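The structure is given below, and queries will be raised subsequently.
Residue numbering begins at 1 within each chain, and the chains themselves are lettered A, B, C, D and E in the order written.
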Amino acid sequence: MIAMQSQSTASKKTVPDSEMSTLEPRIRISDVTLSYGALQIIGGISVDIAPGETISVIGPSGCGKTTLLRMLAGLARPTSGSVELDGAVLGGPDRSIAIVFQDYGKALLPWRTAAGNVSLALEARGCPAKERPAIIQDLLQKIGLGRHADKYPSEMSGGMQQRLQIARCLAQEPKVLLMDEPFGALDAMTRQALQDEVLGLVATTGATMVFVTHDLEEAIYLGDRIVCLQPNPGRIGRIVDVRLARPRDQLLTREDPEFLRLRRELYDLIKDDHQ
Amino acid sequence: MIAMQSQSTASKKTVPDSEMSTLEPRIRISDVTLSYGALQIIGGISVDIAPGETISVIGPSGCGKTTLLRMLAGLARPTSGSVELDGAVLGGPDRSIAIVFQDYGKALLPWRTAAGNVSLALEARGCPAKERPAIIQDLLQKIGLGRHADKYPSEMSGGMQQRLQIARCLAQEPKVLLMDEPFGALDAMTRQALQDEVLGLVATTGATMVFVTHDLEEAIYLGDRIVCLQPNPGRIGRIVDVRLARPRDQLLTREDPEFLRLRRELYDLIKDDHQ
Amino acid sequence: MTAAFGKSWRAALLPLGVIAVAQITATATRLESDSLASPAAIVLALFSVIADGSLLRATFDTLTAAFFGCIIGVGLGSLIGIVLGLFRLADDLLDLTIELLRPVPVVALIPVVMMLLGFGASMEVVIISLGLLWPSVVLARAAVKEVEPRLMEVSAVLQLGFSARLRKVVLPAILPQLFMSLKLAAGYALVVAVTVEITANPFGLGYGIMMAQQALRPAEMFAYLVWIGTIGWVISMGLNAVQRIFFPAYAKGERQ
Amino acid sequence: QTKIAIGTPPIAEVEAAFVAKDEGLFEKNGLQVEFLPTGSNQTLVAALVAGSHQIVAVSPTVMLQAVESGIDLVVVANCGVTSPRTAKNVGLAVREGVAIDKPEDLLGKKIGTPSIGGTLDILFRQWLKQKKVSDKGITFIEVPIPNTADVLKGGTIDAIIAGQPSLGRAVAQSNGKIAFHFMSDLPADIPYTTFVTTREWAKANAATIAAFRTSFGQAADFIGKNQDKTREIVSKYTRLPLEVLSKIELPECKPVPTVAAIDYLDKAMREGGMLKSKIDTAGLIAP
Amino acid sequence: MTGFSFRKFGLGLSGLAAFLLIWKLVTDAKIVSPIFLPGPERTFTALMNGLAGGPLLGQTVETVERMLLGWLLASLVGILLGALIGVSRRARTYIAPTLELLRPLPASAMIPIAIAFLGFSDQMVLVVIAFGALWPMLLATIHGFAAMEPRLYEVSAVLGLNRLQVIWKLALPSAMPMVLASLRLGLTISLILAVVGEMLASREGLGQSILLASRSFRSADLFAGIVILGAIGLIGSRLLSMAERRLLRWQASSR
């Protein structure tokens, strides 16, 4: 039950190191635990996440990544400890926090087309009907579904459904973006394109992002810090700072020696955990 | 609409090259097309798959990988062309063909525990009730769910559900194993362990496998041949032979120069396609 | 337990309010009628029919008929509905005929069934099951068509036989809907039973209503009605409890 | 002892059956009677044909229609019949504010009737005919007996044909009056209900029918002599409150069926278009 | 998407033909007296007579009108109440138990009471129809709300949808298959209750015609009425299926 409070700061260009520690964290996770009955799933996690920061979360299957994200979204109540958003304890879901669910198939409205599903988020935040089509088309274009606006989820491939869910979350214009293996069903090229798309959006909107993935390179490429979870119960094993310059580039960043070093480090870490 | 009939043979140790061409293919896909209404999804695919061979399928999101697999499983009827299993045209689903669905969350019986879900396949093939618990426990152990036999799917993480579905397919003892991004929700270590597990099973049972993935390394590591699909409509862009020795090894095989060469080749291929 | 008790007074608020208003109006207008009665008079009448034992006998007769009618009607109807939901051919073949037969009021068939079976419990059971048959068919068919297609594909791949597919995939998947159908049917069975008794069969609660009506005892008629409402409510509560005990997974899912 | 099942509507007009049962007259004549007061006439006929009952009491008009459509019924006995003594039991109640003083005033009005095509209904139409008023000019609406008073008061109809006690209540509640005691102008001895059975059964059970008739004869005597006791018995079987019954005249009980009465109704229904084909009325009474 | 298939139509007709044949065989075998159960030919003759010169057509219009109005009323009330109970805990505690208490009350037994309050009016019959036909829609809506994919409730919470939006945009569409099936049931019940209402409250219509036919043992006329009822039900249900195919397009494509 090691709860490591990371004092290190993210090396994001927009937010200089010195400023970071003085800034109020956007999300403060304080000694959070969660149990189902007698079974403890999450055991004492504490992290502060600064505004605009991107945190990658990795860890073995079933270690509690999804559960942690659900708590950040206000969908699950911690058994003890608390999650704070901008200094106020999070009591439940909030429109400023978007979450991309891991089971994309279930999170879409089967009776709405791709455009309709994106529209839902716009309707929720009261966007005027006239402006919606343009925003929707723009978002669908960005995630590569521009030509599929009229398809129902049942007529889309797994990767397309996954992307559709991302588009809906972006339509929410969230302050905090929680993503649970959002690119799991995508091929390498589409995935890289979307990584850059998301990074760009996060940079322009200043959104804070927590990104669950099982792809180490993805975790490094996207994150300011990487939280490595250990299972039984889920807890923080290590927090790794990613000191790579931004904006990042699919070719250059991935060839950066620091990138390769981090990859090796993480790989060894999880291999040790696995044994 | 280029339909490339691969004449090349898989370099599987058990089946020498010379024998291959004389052998009846286990699966013969002859000029298969599929349309939904006016929309053509699959446009003329032809491949022969030898018994015991493992084919990896890669391709961009929405190119028709899942659709192809569904036709091989007898779940979708080709609009033209035919799929033959052991020389007989496939008329519908068959118990000797197992399929791991991409949307794992929907393919499990929510009212049965992990053990119960695996049991379903045993019940289907009339396995005596007394023998079932041992087989189930063995399978769950293999995929790392030994301690979760009594959990319901709703109480499992995404990766656990995915593994559970694989266990059920293995319980079917299939001649042909169709896998649709089966490891998409798994972390790298679990994924590698399961890759070896599946390879071992395929080797011992002599099953034929068609494996859809978006992970190039996984495609190379598992396959005897790699079918690269191109979208709109889905068709074969290239078939790449994997001349890597078997049994394969996570460290050695991945360091093999041929492995790295193949990776580069595939990467360039899909990058070209993507542009 | 206490929580349930603590809540039940709130449930009683609305009916109690209505009763109070009714009593006040009845007293104020000095109600005298052959078809209406004041709540107080109804309560008195209820006690008198309970006291002379006629109510309990009638209840037993009605419930027995409703029970068997319900079992047969819902069982057969659901089975037909499931078959129709699973097999396109059967559905196409019978759809037209079923849609034609469905709107036939069972009341109109009473004389025909009477011809075959005369007065008695079996006639009533047959009519109740006829009345429940079509609704059950429709609901079961809709439920089957709603089953997650992926699960149907799983059973196709595993080549489960009809009965295995039914027992292992379809039934568990549609159980919540079947239960809803049963809940609906249980209420409706009571309705049909009482209707048959009012119009034809000389026993049970409906007969009691008919006699009270003919005998110009509105209070007694209302007493029967109130009693029927209470029984139906108890049955429905019972079914809810059964649902919670036997399908906790569904109850859990449903409460979300 | 012969066992038979009898079905009747729960009304005072079948008093003889109640009395014969309650006073043990059936037993005395070797009949063991199971007794079921039942709602509608049609189901009673169906029960008769199905064989679950041997004798049922139906309105004679229903019997005639059944016979016309091919159900071979015969009359066993009568009970309540029209008579000057009970003429005041039935009347046309008119609500306050509706002017009906002479029969012609009925034209264009809405009139409630307890059962379209029932005995009262047919008799009222006969009366209209006597008064040279066409029933085509009047809208008849069927109103169940318990609703008589409420419906008249509610104003959806102008007048209603009713028997006691509803008649009195309807008049009182609507501040109306009884416009006509039309029964006074109609012939006596027309049965309100009649006990019938199938011809087949009647042939095979002549002795039972004789015993039944004897019982009814004795019951009629009893009724003539013991009005109060009869009221008690009727109240017991029909569950009509005794206070209500004690305010009205009990129906005249004449058990022996007559061809004349059947002919009268047959003619009336034929004129009203309710019967079309020929019926051998003479053969309708069980030998 | 034309919605018409010859195969389906042909199969449906052969099913119907088989049914008519069985009907004919049963009546020819005289299992039930022909006085109560006429054969198909006699029914058809009576139907033709009634439609050609007789009153059947006008009565049909009356009954259909009554049925439709009652059904609309019942659907509206049922779905609104169901939605209310589905989302509001307060409605669940205060209203639901009373509804459970009312549900088993036989609509036919309510008619005398309704008459007492509303007289012999069309409104009275409407209220009775609405009362009786309400329950399937009510239960289906409540069930649909309860059975909605839990993940979608989470989606609505995250998007910050208000209660009305959750009902309108998530719960109702998700309950749609069930609700549509219950609308069909409701239509049938409305038709049956329109008929029963006409019988008991003597309103002009098929109900009264059936009642009078049954009273005078004109079973062929009675069955002619029943055949019309069947036809009304069939047409209503076909129209609903067409609506269903449109509304459930998203579902049709997944099978």
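We take it that a contact is a pair of C-beta atoms (placed from the backbone, for glycine too) under 8 Å apart; a residue touches a chain by one contact, two chains touch by 3 or more.
On a predicted model such as this, the values are computed, not experimentally measured, just so you know.
Listed by label, the chains that touch chain A and also chain C are B, E.
Taking the mean of C-alpha positions as each chain's centre, the chain lying farthest from the centre of chain B is D. More C-beta pairs in contact connect the chains of C-D than those of the other pair, out of C-D and D-E.
A separation of 16 Å divides the Cα centre of chain C from that of chain E. Computed from the mean C-alpha positions, the centre of chain A lies at a distance of 50 Å from the centre of chain E.
If you average the Cα atoms of chain B and of chain D, the two centres end up 84 Å apart. Those residues of chain C in touch with two or more other chains are numbered 33, 35-36, 111, 115-116, 198-199, 213, 253. Of all residues in chain D, those touching 2 or more other chains are 42, 46, 49, 144, 146-147, 150, listed in ascending order.
Looking at chain A, one finds that residues 103, 106, 155 touch two or more other chains.
Shown are all chain pairs that touch, namely A-B, A-E, B-C, C-D, C-E, D-E. Chain contact summary for the complex, chain D toward chain C: residues 7, 9-11, 36-40, 42-43, 46-47, 49-53, 144-150, 165-166, 169, 173, 238-241, 244. Of all the residues in chain B, the ones that touch chain C in their complex are 73-75, 92-95, 97-99, 101, 103, 106-107, 109-112, 120-121, 123-125, 152, 154, 172.
Remark: chain D residues 41-42, 45-46, 49, 62, 65-66, 68-71, 116-117, 141-144, 146-147, 150-151, 154-157, 274 touch chain E in the complex. By the touch criterion given at the top, residues 148, 150-151, 153-154, 156-160, 164, 168-169, 172-173, 249, 253 of chain C touch chain B in their complex. Chain A meets chain B in the complex at residues 36, 58-62, 65-66, 102-103, 105-106, 144, 148, 155-160, 163, 180-181, 184-191, 193, 214-216, 267, 270-271, 273-274.
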